[in-house]
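Labels for the chains are A, B, C and D, by order of writing; each one numbers its residues from 1.
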Amino acid sequence: MRTGSLGVAQLVIARDLRLAFRKPSQLLQPLMFFMIVATLFPLTLTPEMSRLRDAAPGVLWIGALLSSLLALESLFREDAQDGTLEQFALSGQSLTWMLFAKTCTHWLLTGLPLALSTPIVAVPLGVPTEALWSVVASVALGSFALSLIGAISAGLTLGARRGGVLLSLLTLPLAVPILVFGADATHQAIIGGAIGPPLRMLGAIAVLGVTLAPLAAAAAVRIGLE
Amino acid sequence: MSWAWFHRFASPPWVYGFATRWTPWFGGAALLVMLWALYGGLILAPPDYQQKDAFRIVYIHAPSATLSMAVYATMALAAAVGLIWRMKVAHAVAAACAPIGAWFTVATLGTGMLWGKPMWGAYWVWDPRLTSELVLLFLYFGYMGLRAGIEDPQKADKASAMLAIVGVVNLPIIHYSVTWWNSLHQKPTRLLGEADMVWAMVWPLLLMFLAFFLFFAAVVLIRLRAELLRRERSASWIREVLK
Amino acid sequence: MLNVSGLHLWRGDRHVLRGVSFTANAGQCVLLTGRNGAGKTTLLRAIAGLLDPEEGQVQWRGASARSTRDEFHSELAYLGHEPPLKGDLTGRENLRYLVGIRRTLSADEIDAALTRTGARDFADRAVRTLSAGQRRRVALAGVLLSGALLWLLDEPTTNLDADGQQLVARLIEEQLARSGIVVAAVHHTLSLGAGEVVPLELEAA
Amino acid sequence: MSEFLSMGGYGKYLWPSFVLGIGIVALNFWMALGSLSKAKQEARRRLEMLS
């Protein structure tokens, strides 16, 4: 009897979580990368707090974006190489649904921890403590939208020999709206302004991502697996 | 309406012949119309009351900007046709469009900077349109990078087609977010072409648009012939073409 | 049931599949033979729908496999060169996920399949610690467990010892006895006791 | 003539823009024809290999 779509999603998520916790080092690397990148900015800009606070949204978001891109590389590549992604495509179940579940798990393992770790980086950049929760919320939402769009380019670069730089080259232009609204939300949070409008725009992009991106990612993966 | 004409466009030999016949006509027409437009724009048109003669840069800037977007849209449309009806010719058209569109974007950015210096005293200005144009250039680089990264021509066609479609969906969102970002920090700047132009200034601009489109048609047909040759495997129709 | 007509496919400049056609019905096993590079793997992947042929068609139950892709795939089990297993998971876990997404299955069914392919005593070790032959046995258990009507096997006996190859022959015979269909690419001929064999030779380009 | 060339003092920016624009137009023609002849050569080479 065919497995129901809820069952499929559950299995896909359980498998990726189990795989991730078998090799925890891979989870920590993007976070460490994020912290290193964030500490480089004061060294290159200025130790002076008020100017750092102006740069904080840029530092947080560019750091989060680059470390998410690092993590995206492994979203499909390993499964494609050992043939399990092929079996997903041949399972008779909706590949779109499975890749959506896989992308959400990827976000749970990379995007969310990244968002939760932003305060550690934000405080040294002069971000006031009451703004921290809004910063976490904006990075969490932004990284979710980013994972969805990144899944498309991860699928597209499956066909190329080395995805790495190409993956970033494809994803960054598409991530401009996320960066713009995300950084603005963080900026408003810092100056105590209204984070509503930019956050809602970020939410709209995430919703657009949820509806369209998995479809495109599934088509991209099928092309990449040829 | 019979589908015959559509199927004819699907057959490489016929399209190759069409391209060979029409390239000189488009090329020649583009040259004539451009010369006429240049004459109108540089000599006949009066200077702008505010920007004086600097406004004439619009005759290159505006058509390039429009073409850079129009070519990306054509590329995405050809890509969609290629994916949906699995037409090799459509993928060849998309592959032919990319470099031309990228060059138009470079022209737009270049002329935009050369216009910005006299008007605002700086070569680069984070004007929303120029910034969107810059992101569009990166989209073109991404498209050409993906196509170069995949050896198998058939897979490269499909993957880049997918990217072109995803890109064209994102273009308006990118433009909107850049305009939003710009309005947060700066008062909106008046870029070229919004000047209240008299007819003597306008008709050369329209001719320039026509010249650029004719030119695009000529060049894309040349590149299309090259792409068709690269994709064609059965030796039959290539033999007499190469004679 | 399975009807392949006039498949043409190029890989780069090589015209790998040149008008391949055959039909296979319940209880039949198509044995694909041919030198390396003759297109055995390409043909199997084209039938499975992983590759789109430039000309020709694959039909399953009379309908084009491409248009009824999900139904076709739910009745298909494809085993390529590499056993599709995650190195960090055990054989049992791999099967639970790999076959679990296709159909609901219980731990006993997994256990029975592993026993049948002689993989039970190393089923709880991480797959990366297993030998290629042991991995092949776990993957074969997966094919068995899927209960698919059509098996597409790409050189199923590679890395297997003598009785491993016997096991593959027995499994194929049982599948044919269940009026299933098997399309297998093989190097040396596979001695099948029961079931009807349809040989198909592919010449190299 | 020199008055025309100076373009009200903006000649320094106007003429490079036109050179850039029309230069890119010409460059595209030249590169397209180059790509076509290269494709023809490759096709000829493939023909000899096949026959």
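Worth a mention:
Keep this in mind: contacts are C-beta pairs under 8 Å (C-beta built on N, C-alpha and C of every residue); 3 or more make two chains touch, one makes a residue touch a chain.
Note that the structure is predicted; figures quoted are calculated from it, not measured.
Among the pairs B-D and A-B, the greater number of C-beta contacts is found at B-D. Here the chain at the heart of the structure, going by C-alpha means, is A. With centres defined as mean CA coordinates, chain D is found 15 Å away from chain B. Per-chain Cα centroids separate chain A from chain B by 32 Å. Mean C-alpha positions place chain A and chain D at a centre distance of 41 Å.
Here the spacing of chain C and chain D, counted between their Cα centres, is 54 Å.
Among the residues of chain A, those in touch with two or more other chains are 226.
Counting partner chains per residue, chain B has residues 152, 154 touching two or more of them. Within chain D, residues 46 each touch two or more of the remaining chains.
By the touch criterion stated above, chain A contacts chain C in their complex at residues 1-3, 7-8, 11-12, 14-15, 18-19, 22-23, 82-84, 86-94, 98, 225-226. Residue ranges on chain B touching chain D, taken from their complex, read 27, 34, 38, 43, 47, 52-54, 56-57, 59-61, 64, 99-100, 103-104, 106-107, 110-111, 114-115, 117-118, 212, 215, 218-219, 222-223, 225-227, 229-230, 232, 235, 238-239, 242.
Taken in their complex, chain B has these residues touching chain A: 135, 138-139, 141-142, 145-146, 149-150, 152, 154-156, 158-159, 162-163, 165-167, 169-170, 173-174, 176-178, 180-181, 184. By the touch criterion stated above, chain D contacts chain B in their complex at residues 4, 7-11, 13-14, 16-18, 20-22, 24-25, 27-29, 31-33, 35-36, 38-40, 42-44, 46-47, 50-51. Looking at the complex, you find that chain B touches chain C at residues 86, 151-154, 233.
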